[in-house]
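As written, the chain order gives the labels A, B, C and D, with residue 1 at the start of each chain.
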Amino acid sequence: METIERYGGPEQKKQWLQPLLEGKIRSAFVMTEPKVASSDATNIESSIDRDGDAYVINGHKWWTSGIGDPRCKILIFMGKTDAKNPDRYKQQSMILVPRDTPGIKVLRMLTVFGYDDAPHGHGEVLFENVRVPASNMLLGEGRGFEIAQGRLGPGRIHHCMRQIGVAERALELMCKRSQTRVAFGKRLAENDITLERIAQSRIEIDQARLLVLHAASMMDTVGNKAARGELAMVKVVVPRMTLRVLDRAIQAHGAAGVHDEFLVGAYASARSLRLADGPDEVHRNAIAKLEIREMAGATIAGGAASVNPS
Amino acid sequence: METIERYGGPEQKKQWLQPLLEGKIRSAFVMTEPKVASSDATNIESSIDRDGDAYVINGHKWWTSGIGDPRCKILIFMGKTDAKNPDRYKQQSMILVPRDTPGIKVLRMLTVFGYDDAPHGHGEVLFENVRVPASNMLLGEGRGFEIAQGRLGPGRIHHCMRQIGVAERALELMCKRSQTRVAFGKRLAENDITLERIAQSRIEIDQARLLVLHAASMMDTVGNKAARGELAMVKVVVPRMTLRVLDRAIQAHGAAGVHDEFLVGAYASARSLRLADGPDEVHRNAIAKLEIREMAGATIAGGAASVNPS
Amino acid sequence: METIERYGGPEQKKQWLQPLLEGKIRSAFVMTEPKVASSDATNIESSIDRDGDAYVINGHKWWTSGIGDPRCKILIFMGKTDAKNPDRYKQQSMILVPRDTPGIKVLRMLTVFGYDDAPHGHGEVLFENVRVPASNMLLGEGRGFEIAQGRLGPGRIHHCMRQIGVAERALELMCKRSQTRVAFGKRLAENDITLERIAQSRIEIDQARLLVLHAASMMDTVGNKAARGELAMVKVVVPRMTLRVLDRAIQAHGAAGVHDEFLVGAYASARSLRLADGPDEVHRNAIAKLEIREMAGATIAGGAASVNPS
Amino acid sequence: METIERYGGPEQKKQWLQPLLEGKIRSAFVMTEPKVASSDATNIESSIDRDGDAYVINGHKWWTSGIGDPRCKILIFMGKTDAKNPDRYKQQSMILVPRDTPGIKVLRMLTVFGYDDAPHGHGEVLFENVRVPASNMLLGEGRGFEIAQGRLGPGRIHHCMRQIGVAERALELMCKRSQTRVAFGKRLAENDITLERIAQSRIEIDQARLLVLHAASMMDTVGNKAARGELAMVKVVVPRMTLRVLDRAIQAHGAAGVHDEFLVGAYASARSLRLADGPDEVHRNAIAKLEIREMAGATIAGGAASVNPS
């Protein structure tokens, strides 16, 4: 939805953004491919080829989140329109593909830690000679990478805010359990080890929240590009923090912990966020390169360019 | 099976051990209760009351692993025969309960990180006025705690050995993936960060294996009781090691990692082992108390007595 | 200096605060005792006994920081004026003791990780029948604990701010070293492992700084008492963060790292801050108790009362 | 001493090994250079040039451990005899240099975490046109790398064994302190947090000891080369383990911990062992490459060849 709001033309917005905003339809973002490391967007192999006043789309995608929902009516597809362009950040384009276009085949729905996340769902999807009008192109040919960059910041902040809420809830459950559960003659909360974990969780949640607020403030004041270091930081920090807090909460709940729908489902979800939108490793590289540039006045070639091309 | 082999009488062995060994039937161990911290076995609330030449069993149990299997024919039930005995380690008994005895009701099957582990399964089970012959008692009234202790060592060693195999397999997958997957122009195995994680995994697996072998050797040479510190150590060390190795392997696999049936299923299983048979915290306490006794020549009262009553 | 500014009377300020502010003299705070766990201020054994219009002071102290400086002219001594008071937070008092009063004997100067921190220094000091005028009492008898609480917040914030500067400097050195040092045919900064450590350091420094700024803002807006949770958090977070960053910087410098005066001296100093003004453990307990009270609506008795008596 | 025993000729042994074994003299190993990353031995810049029946030695070295001792009479110097050899592992040689040869100048003694380790000491040493007989060459020109490899295994095992003894002593001190020190109304040993740390220390010490014993056994049974993976593992594991145990022991001792000569001195020493004989990073790389070769049937070029050239 945000991508169309930000990069769509007036006609595109009228046709798709309006019903999205009204909640009548849903969208899905189609980028990741099973055969290549998609955190490096230059690896993408799907093709979007011009043919008269249409584009013909071919590609094998997965982790197309939301495609399982019957309300999903519009896809944003990333592929290459110009695979031989020497500037590897100009090869990609994004294009709108109505869900009911012929040639789109959902091979299977993927599970995350055993969860299918229905009805939303994550699909492995084949695109075979899918034909859409040329006017469905977003922003223009060769600007797919630029759009991918532009949509990441807001998406990450949203994910991170939700994760902090999850961690707060897990800590609350842990505190309540620690107050009521008795083992070896005392409540868990009377053990220093429980207190240490609660304290550490509170500290880590607060530090993560402050970092997210700081990144959000940077986005508002200096823009997404200047805030790209901070956006990479929240991406690395928040899911890992949430996982630690959830793990402590699971442990405090004993056997009930590994069975608790909220704790375990949240764990699966947070774990996948360490990989979605680029693994931690890619973001740490980007942060470090900004740091070295700042601190040592030098630039390191190569690396996480697809995430932070500056 | 091992409990009956070790603590059953000739008649009990003939009736149940023989078909177990032949693989014709399965057994389940019924100990943990949802309402109390069962790592402290003295908390158990289920009752086994003598009534003429029978015992009448009442109790609410969960995490009865294996009860979902249709081949499961015999249960070993732990409850209290003498709840008022001043020696709280003499209150419990274990008794054999045929699966088809009236009054046994499986309320639901529990999931572990979303997995139901069918057909084996983990049940929440209600026992209401379940009546069995007095001859089904194992070893004698008041000796349930003693049996619980005696069966733990061999059980732990088995779990740990399997976990090491799991970790070895995860490392192998990680090595293979690192050799073939290319991101940002080089194979993952060409990044120092990948190498560090592979090395760390190899180190941790080998250190865990050596500890398990050492504990097994102690069991054989000085007995389970003298080896209780080592048995507690492997219980703490091995599942945590396996989780770290699995987590690195998941990360190395990118989005495929959180979807991989082996990696994710093994993660769920290893996570539950940090709680099954007593949480890490209980075992660490036991280890530390042995250590302080050794090092500082003193005994600390209270604590993890149910695990290591010495 | 801040203690006298905050709790001293007009005469006391005139005599001691003025020359302190002018930098002509220095002060030292005399609280910790070798024989008891001084993080629990109720343990203090030194005595301050009224005798006519004077007080007579006796006690064995250590970690009296600053007493080595020849400019140190005034001591703030904490001891018990009423050791039998049933309210154990009313037993202590603080009193001004001119450095040249007879009966004060510096037994030795203590080292920290081998450093003597001269000329400042940390002394082990004996007070034998040290006699000062009754007017030297700060705030009033029995209010020592109250003063100890009140002075902690500002002191901690200062320490933490300095530590963040130290960490920034260490990261800068690490970045520079990584840009210039070549091993196995490439600069350290070309290894992902170096980048990960730089990124992690930047993240941790920024998260620590934001937490310190937040705590400082709370002190200014809602006061030291309402901010006691945040003040405990920075106390736990910042020295540990600095130690991690310094350790990475040392490692990046190879053999030169363990020899580098700045890195190693800063390490020793940051390590001692995990113990000065109460060890991490005491502060985590306090944070957790506030959290449980908030989250589970309950109060846990006992524990770290001397740090956060509320 | 071991290097001469292993690689010296009969005359060399007679002259130097005999008095070394009798404890009459000491030796020092002269390898590390301040200007290059010496973990990569191919970086070494010192020269050993043939001139008639002598060699002329020039170079700037540091961390020459033991040169501070007046009993130090013989040096083993590593430098290049053939800097242009296309096989970069054949460029180096090792040669015996009597300590009193003209041209050897100790520029300064280096400190480790502030410690000078007198009388032993670590020297920064300049060699200017130091002339020794050609017969002082060890094993032959171009075989310095081979000797460096051969002496590492035994050296590491010795270091590791000593470190385990240090960790045992630290744990003993921690246990004793925990039994006697009272804070907030109870002994430290009554806090679960103390018990967790003691248990974790015991586990880590035992796992490290088993790994060292395993490596030693491999050296004896299959030889140093086949055991190079295990030797790299103990190098990475043991000093890090010792540091963690020492850090916990320091923390348990409160302010006395950072002042304790044994704990702090041992910490400095263990910290330097993470860098001496190659930093952790180099050894982890070597372990991972062996692992990938084993697991994925492939060889990764480049990297930590100087440590494990296979």
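In the analysis below, a contact is a pair of C-beta atoms (placed from the backbone, for glycine too) under 8 Å apart; a residue touches a chain by one contact, two chains touch by 3 or more.
Given the structure is predicted, the values throughout are model-derived calculations rather than measurements.
Between chain A and chain C, the least number of touch steps comes to 1. Contact count check for B-C and C-D (C-beta pairs in contact): higher for C-D. Chain centres were defined as the mean of their Cα atoms; on that basis the chain farthest from chain B turns out to be C.
The distance from the centre of chain C to the centre of chain D, each centre being the mean of the chain's C-alpha atoms, comes to 37 Å. With centres defined as mean CA coordinates, chain D is found 43 Å away from chain B. Centroids built from CA atoms put chain C at 46 Å from chain B.
For chain D, the set of residues that touch two or more other chains comprises 191-194, 196, 281, 303.
Those residues of chain D that touch chain B in the complex are listed here as 171-172, 175-176, 178-179, 189-190, 192, 194-200, 202-203, 206-208, 210-211, 214, 229, 233, 236-237, 281, 283-289, 291-292, 295-296, 298, 300, 303. Those residues of chain A that touch chain D in the shared complex are 191-194, 196.
Residue ranges of chain D in contact with chain C, taken from their complex: 32, 34, 36-40, 43, 62-63, 110-115, 181-185, 191, 193, 250-251, 254-259, 264-265, 267-268, 271-272, 274-276, 279-282, 302-306.
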